[in-house]
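In what comes next, subunit A is part of two complexes: it sits with subunit B in the first one and with subunit C in the second one.
Moving on to the complex of A and B:
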C-alpha cells in the first residue's frame, strides 16, 4: 500500500484550513470545512485498504478464501458523513441568517464581536 | 435492575424526552412542554445520582456492553459504557445543570411562536444527552459522535435567536472552529485505529501497552490530534477564541450550560484519553504530557484573567473568566496525580454552580434593562437587591472565599502543583473575582463616578473606541414583550440554589472522600483496562482525599481580599470609554474573524506537538 493516500489526506486537511483562514465568503468557508472533513474520509479508507482485497460482503465469497478490506473504517466513514451533513446543513442555514441580518457574507465585514 | 443497566438509561432518558417534545411539542401548550422537559432532565439526574450512589464499592466501575457484546479474553467488538465515578459525577452535574437551566428559562424567553413550544427544551435535552453520553462512553469513536452531538446542539442553541445579527455570527464562528477541532480528533482516532485495530479506550490502551518503549511519531501525532479537538472544546489558549463570541450572544440559560459544564467536558475528555490510552508504557511519557498541559494551562489562565479584567460587556467578562479558570483546571490536570485531579473535580463542581449563578444574574439585568454594558448599567441595579446580593456573593465565591467549593478546589490544586502555582491561582482568581465585584459595585451599588457615556449620547469618539471592543449596549432582551417589569421568582431561586450548592461542595466531607477515591480510580491506568476488559477491579493505591488546609484557607482569603481591593480601586476611577493602551494588541487578536481563529488553531497544533516532542 503506497503512502500516497496518507499524503493526500494531510494535504486535503491543510488546504481546507488554508481556505478557511483566507476565505472572503462564508459559503466558501463552509465548503473549506467540508474539504477538511473529506481528509478524514480519505484517511479512514486508506487505513482499511488491503492489497488485493475485495468488498467485505460474504454472500458470494467464502469467509477466509480471499482478503477483504476493513469494514469498520467504512462504517466509521458513513457515520462521519452523516455528522458532516448535519454540521454543513446547520452552518449553511446560519450563513443564510448572517446574510439576511448583516447583508453580507464576507467575514471581514462582520465586526460586531471584538476584544 | 443492576447499576450497569442504568448507564444506557442516563443517556436514553433525555434523548427520549427530546424525541417526545419534538413529536408532541407542536400540540402542547408552553407550560406542558417545559414541564415535560424538566421532568426528563430530572429523571436523568436521578438515574445518574442513583448510579453513583449505588455503585457497590468505591473502586468498582459499572460496565455495560451494549447489546450484550461482551469481550472474550480481552478481545471485543462491542460498544461499551463505563460508569467511572468521575464520569458518573459529571453526568449528574450535566443533568442537574440542565434542569437548572430549564427551570431558569421557564419564565425567561419570549413566548415562542405557536407550534414551537417544545423546541427549546427539546434542544436542551438533546444537549444533555450528548454531554451525558460523552462522560459515560468507553469507546473513542463514540466519544467523537457524542462530542459532535453536543457540539451541533450547542451551535444551534447559541444561534437560537436567529433574528439577531450578533447571535448568528457568534454561532457560526463557534461551529466552524469546533467542527474543525472535531475533525482533527477524528484524524487522531483514525491513526490510533491504524496502529491498534481497536476503538475502545481500554482496548487501545492495552494494545499500546503491548509495545512498550518510547512513543513513535504515529503515537505522538495521534495524541496531539485527539487532544487538539478536546482542547478546542475546553477553550485552552490558543484554541479559545470562539468561547467569548459564543457566550456573548447565546441566550443566558445556554451560557449556564456552556460555561458550567460543556467546556469542562473538553478537559474531562483530555484527562480520560490521557489516562486510559496514553498513560501506559507504550504511550506518552508523563514529563511530556505534564509539560504540554502545564504550558497551555498557564498561558490560558493568564490570558483569560487579563482579558476578563478588560471587559465591560458582562457576558464576555464571565466568558473570559471561564477561560481563566479552565487554565487553572489544566494546571491541576498537569500534575498528573490523583491529588491534582481531585482538586480539579471539586473546583469544576463548585465553578459550575457559581458561574451559572452569575450568568443567571446577568440574564436578569439583560431582561430588565436591555443592556449588559457595565458602564451603561451604572447604578441601575439598585432596585434589584436580591440579584445584587447574589451577584456579589458569586463574585466573592469566584475569587475563592472559603468555605465555598471553589476555594477548596483551588487550594488542593495549589498544594498538588507546588509553590509557584499558589501565586498563579491567587492572582488569576483575584483578577476574575475582582472584575465581577467591580461590575457588581458599579451596577448594583452605583459606586464610583457616573461614566460620561451613560449620561450623554454616544459621540463619534465613543464609536471609534467602541470599534475595538464589544460593549453590550442595546442588547435585545430575551423575555416576552420587551423588558421585564418584575423579576419572576424562578429566575432568583435558581441562582440562589446554585450558589448554595457551590457552598455545599466546600462543606460536605463525604463528597470530598468520594471525589478522592474517584480520582484514585480515574488515574489508575491498569485498573481501568482490567475492569473494562476482564471485569475485575483491583484496588488502586489510596491517597488522602482532598481536604482543607490552613494554607489553602489563607490563600483563599488573600485572593478574596485582593479581588475586593482591586474592585474598589477600579471603581473609584471613572469608567474608561477607551480600552487601556497596553492591552490593545491583545484585544486586537480577538478580532471576531473566523480566518484569524483558524490560523491560531493551526499555530496551536504546532505548539502542542512541539511541547510533546
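Moving on to the complex of A and C:
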C-alpha cells in the first residue's frame, strides 16, 4: 500500500493533537507538540523516498550510478528538527516560569490573572 | 469547557483533518516513486557547484536564505530562553555539593569526551562532503562538553564553560553567516550567493561558500546548545527559590 507512510504521518499528528487537548501537565503538552512535529518529519521523508535510493551524498558513490532520495525534503526535515528543538527549549523555559509563578503545571488551573 | 465537550470538539476536528488528509494522500506521488523533479535538480545543481553532500548544498547554497531564517529562529529562541530563565528576585544561587561519581562512569565519560568532541568537529568540518554539517556537528560538540558534568561534577563543567563567552560566540556565529552573505554583495553577486571558487570536488575546500556558512552554523549551534543547557542546568542545580513565597506574600 503506497500511501501507508503518509497515513502514519497523519496518525502521528492526530495522536499528538489528542495528547495536547487532553493534557493535564504542561511538560506533557510540550512532549505532545514534539509528537505532532515528528509527523512532519515522517511526511517529508516519505515524500522524498525513492525505491532503492541511497543518501544524496556523492563523496563515495559516482553520480548517476544509483538512484538517490530527494535531498530537498531532507534539508527541510533538518530545518524542521532544529526549529522543533529550539521551540521545545523555549516552551519548556516558559513552563518553568509558569511553575514558579503559579506553583502548578496543570493548564486547567491557570485561569487566574496575576499581575 | 468540560472534558467530555472538549473531547467531542477534538473528535469532530480530528475526523475532519483525518478524512481530508487521507484524501490528499491518494493524490500525492506514490511512496518510493521515481518522480522527484526538485530532488533531481538539486542534485544537478550541487554537482555543478562541486558539493558532494547535496543536503548541505541545498541548505547552505541553494536555500541559504532560508537557512538564515532558521538560524535566526535558533538565535531568537536562545535569547528568549536566557531571558526567561535568568535569576529573578527572591532566588538564591547556591553552589551545588560535589557528589561522588561511580568510577566506571567517570572513566568511560572521560574517555568518551575527547572522542565525542573530535567527532563533532569532524562532522562540522566535513559538512559539505559527508552526511552531517553544522547543525548536527554543533549538537555533538555541545554534548561532548557536558560529558564532563557526568564524569566529574557541575563545577568542573562550569570551569570549561564560561557562559558569557558562549553567548558572545553564539552571536558571532549568527553575525558570521550574515557577513559571508554580505561579502557576496561586494563581489556584485546577490545576497548569500555562492561567490567563491568551487574548488576540487570531494575535497575539504570544495563548495565555495558552503564550508564557511557551515562553520558559522556549527559555531552558533554548538554555543547555542551549551547556553540553553547551561540555563536549564542552572535552574535545576543552582538556583533555589525558597524565599519566593514570602516575598510574593509581602507584595500582595
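Note that the second predicted complex is superposed on the first by the 111 of 115 C-alpha atoms of A that agree within 3 Å, B and C clash if a C-alpha of one lies under 4 Å from a C-alpha of the other, contacts with A are read in each partner's own complex, and residues count from 1 in each chain.
We adopt the following convention: a residue touches a chain if its C-beta (ideal position, glycine included) is under 8 Å from a C-beta of that chain, and two chains touch if they have at least 3 such contacts.
If you're wondering where the values come from, they're calculated on a predicted model, not measured in any experiment.
Trainee: Check the residue A:17 against both partner chains and state whether it touches subunit B (first), subunit C (second), both, or neither.
Mentor: both
Trainee: With the two complexes superposed on chain A, say which partner A:79 touches: subunit B (first), subunit C (second), both, or neither.
Mentor: Once the two structures are laid over each other on A, A:79 reaches both partners.
Trainee: Can A:4 be said to touch subunit B (first), subunit C (second), both, or neither?
Mentor: After superposition on chain A, A:4 lies in contact with subunit C alone.
Trainee: Quick one: classify A:87 as touching subunit B (first), subunit C (second), both or neither.
Mentor: Once the two structures are laid over each other on A, A:87 reaches both partners.
Trainee: Please work out whether A:102 is in contact with subunit B alone, subunit C alone, both, or neither, and reply first, second, both or neither.
Mentor: After superposition on chain A, A:102 lies in contact with subunit B alone.
Trainee: Is A:69 contacted by the first partner subunit B, the second partner subunit C, both or neither?
Mentor: Touch status of A:69: second partner only.
Trainee: For A:55, select first, second, both or neither according to whether it touches subunit B, subunit C, the two together, or no partner.
Mentor: A:55 contacts subunit C only, not subunit B.
Trainee: In the overlaid three-chain picture, which partner chain does A:29 touch, first (subunit B) or second (subunit C), both, or neither?
Mentor: In the superposition, A:29 touches subunit B alone.
Trainee: Residues on subunit A in contact with subunit B in one complex and with subunit C in the other?
Mentor: On subunit A, the overlap between the subunit B and subunit C contacts is residues 13, 17, 21-22, 47, 72-73, 79, 83, 86-87, 90, 94, 97.
Trainee: Using the touch definition from the top, list the residues of subunit B that touch subunit A in their complex.
Mentor: Touch residues, subunit B against subunit A: 141, 145, 148, 151-152, 155-156, 159, 162-166, 168-173, 175-176, 179-180, 183-184, 186-187, 190-191, 193-194, 199, 244-245, 248-249, 307, 310-311, 467-470, 579, 587-588, 590-596, 598-599, 601-602.
Trainee: State the interface residues of subunit A toward subunit C in the complex, per the touch definition above.
Mentor: 2-7, 10, 13-14, 17-18, 21-22, 46-51, 55-59, 63, 67-75, 78-79, 81-83, 86-87, 89-90, 92-94, 96-97, 100
Trainee: Using the touch definition from the top, list the residues of subunit A that touch subunit B in their complex.
Mentor: Going through subunit A, the ones touching subunit B are 9, 13, 17, 20-23, 26, 29-30, 33, 36-37, 39-40, 43-44, 47, 72-73, 76, 79-80, 83, 86-87, 90-91, 94-95, 97-98, 101-102, 107-108, 110-115.
Trainee: Sort out for me which residues of subunit C touch subunit A in the complex.
Mentor: The touching residues are 3, 6-7, 10, 13-14, 17-18, 21-22, 25-26, 28-34, 36, 38-39, 42-43, 46-47, 52-55, 57-59, 63, 66-67, 70, 73-74, 77-78, 80-81, 84-85, 129-131, 133, 135, 202, 221, 224, 228, 231-232, 235, 241, 244.
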